[in-house]
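As written, the chains take the letters A, B and C, and residue 1 is the first residue of each chain.
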Amino acid sequence: MKLAALETLRQQNPIVFNISNFVTVQDVANGINALGASPIMSEEITEAEEMVQMASAVVLNLGAFTERQVAQIRRVGQLANQYHKPLVIDPVAVGAVKYRKQVATQLLADFQVDIIRGNAGEIAALADVDWQAKGIDAGEGNQDLVAVAKACATKQHAIVILSGPTDVITDGKQVCKVFNGTPLFQLHVGSGDMLSSVVGAFAGVLPDYFEAAQTACATFASAGERVAATLSAEQPGTFAAKLFDELHLMTLQNLTETAKFEVQP
Amino acid sequence: MKLAALETLRQQNPIVFNISNFVTVQDVANGINALGASPIMSEEITEAEEMVQMASAVVLNLGAFTERQVAQIRRVGQLANQYHKPLVIDPVAVGAVKYRKQVATQLLADFQVDIIRGNAGEIAALADVDWQAKGIDAGEGNQDLVAVAKACATKQHAIVILSGPTDVITDGKQVCKVFNGTPLFQLHVGSGDMLSSVVGAFAGVLPDYFEAAQTACATFASAGERVAATLSAEQPGTFAAKLFDELHLMTLQNLTETAKFEVQP
Amino acid sequence: MKLAALETLRQQNPIVFNISNFVTVQDVANGINALGASPIMSEEITEAEEMVQMASAVVLNLGAFTERQVAQIRRVGQLANQYHKPLVIDPVAVGAVKYRKQVATQLLADFQVDIIRGNAGEIAALADVDWQAKGIDAGEGNQDLVAVAKACATKQHAIVILSGPTDVITDGKQVCKVFNGTPLFQLHVGSGDMLSSVVGAFAGVLPDYFEAAQTACATFASAGERVAATLSAEQPGTFAAKLFDELHLMTLQNLTETAKFEVQP
């Protein structure tokens, strides 16, 4: 865990190229912009190579993928590999929709991803573990979450972030748990997508992607927790507005005081 | 009017599948999520059948329809009929744009809709009544709003919600008027689209769609009215943030105290 | 500078047709709606002619242009010329992405634009002046901003708005500088796109586009400055919500007291 990377991020202002979910794209752009990164979005395959070249990191969100978008995602993923840019994937709803799992599986064979960020249902699907997902929600299952995350990491040869009340981050062997957060994240639809792009922002400044994933989770979850502490009730709209404030204003000292995590070697 | 359905909705957490307007999709997702439903969105026709099958209700927003989206809307509407899922349509701007009316008319012949939610200009257009709409706004006309709504319901064999300062809900014979609301709804662009999806959420838990439509209008308009009562001035941005808060926090007791309506058998 | 046009705008409620950036479309619609204009958006070329005919102004945002969108932008631009509607273009990222500059250059040859609104990097690119842009950000260069803006206006035969800490507005000869603003604009991703559509709204009520451009900049920058003055810290989320409030609530008197500008004939 390298919390000080928050300051590196703000100094370096990494460009994060997002193939984004049309539902939450505005929040994602504003979230990483508030944090200190520079978001770029594009839906046109012709400019994909230029975008990847200028980017410090690439984030592919499978939140709403038409056939055209899937073709663009494939191309951008391959370009990220070619130009050695850190590549984050957010496999939205692959646990609930068979078509999405099928396409995601093919994509993960077409390029090598560095970090996968999803909820329990999504990570279980990519690990081929039984799980009951529900729409875009995590759903329920009897499996141990750490085992699910490890299985996915091993199968996909990637760092895995399994998001939830406790975030589980693993490279397949080592495990980091981040205990920060707030139930308000689930009351705001763009939270998961925003975290995935925050992961991209940190991967753009930290060459060790396992550390980048941990630090991104601790930073994002701490920001949410700090906002929730200022609210007198579960106010999802006010929470969203203040989350952007906190992403911009949170200092390294505040982050260090708030972050609660453990790393198991 | 079954105000207690608010609690049913929160217990059942219905999945609402939205073919959504790209302008307001994020607000719509957040609105019904805050209320207690589970939004899913998709732009890909290949996954339409899976989406419809898992959904408790389907909402088709004609807010921005490319030829591709129209094809998807047609397919999703037909699937909703096939799987007997409640089907809500929001005919954005059919009163102002001839092309939209023409396409909407064809769509309404290709599947059977259960509930139509629009402003006066849009409902008048689908009733073939003269009206002067203006862009996305309701516009002006000399017709009696109840007569317009009834004519549309009879012509389209559907429950009709004609939204405005007073919401008129009718099955073509019975009429319910909801008197709650605030002018701030018109100052926030996504309000109508959000209401349409709230209607879908209630139709996902109330088998009587006339009651679902009434309850949705009373709930949404009461939430807005309660937020407006806390503001010292017409603040559209603050209103939008607080509307999400209130959709999540409003209790059945608050709703019962606030809702003002009459049902004419 | 015709600050009183704010009241004209609110009386006339001009319809502004936006070909919009998918990242920021909701903010753009809400921004000009809060100000007093009526936004319409569309992605379908078949309805382009009707949309242009009903509009008081047309705004083309090149923020995310697929080949399909470029075709629609071309058609809408030509229709705006044909129907003599004021035409505003926002050349997002043409300074950073070669493909975008190439397409934008071709578009500017296919129709005649009235007003161009961009940051230093974008305006420099359309003036063929050397500049280091960075993604969607303005970047840095050694050129005098007034000279860059004038060169672009002369080359493109259009009013040019070069946005930044000081907005430079020029017809190629006369120059207006608007000194209002706040660094918070850069912390919210949709600010530039929103300004471009506000420019369209004023061009829909002021036949002198140079005056429309000046007044739009003074109004928008003053609104942001007034909001920033109420905040105790750099809060980008709270700023965005309150910006909509202020766009709606700002009076001509408040605007007149806040606006700081100079016009050099």
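FYI, a residue touches a chain if its C-beta (ideal position, glycine included) is under 8 Å from a C-beta of that chain, and two chains touch if they have at least 3 such contacts.
Given the structure is predicted, the values throughout are model-derived calculations rather than measurements.
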Subunit B and subunit A - chains in contact with each: C
Same-site or different-site touching of subunit B by its copy subunit C, using the half cut: different
Centre-of-Cα separation between subunit C and subunit B, whole angstrom: 33
Subunit C, residues touching no fewer than two other chains: 22, 25-26, 240-241
For the subunit B and subunit A complex, residues of the former touching the latter: 15, 20, 22, 25-26, 29-30, 33-34, 38-44, 46-47, 50-51, 54, 240-245, 248-249
Residues on subunit A engaged by subunit B in the complex (per definition of touch): 22-27, 64-67, 93, 96-100, 134-137, 187-190, 233-238, 240-241
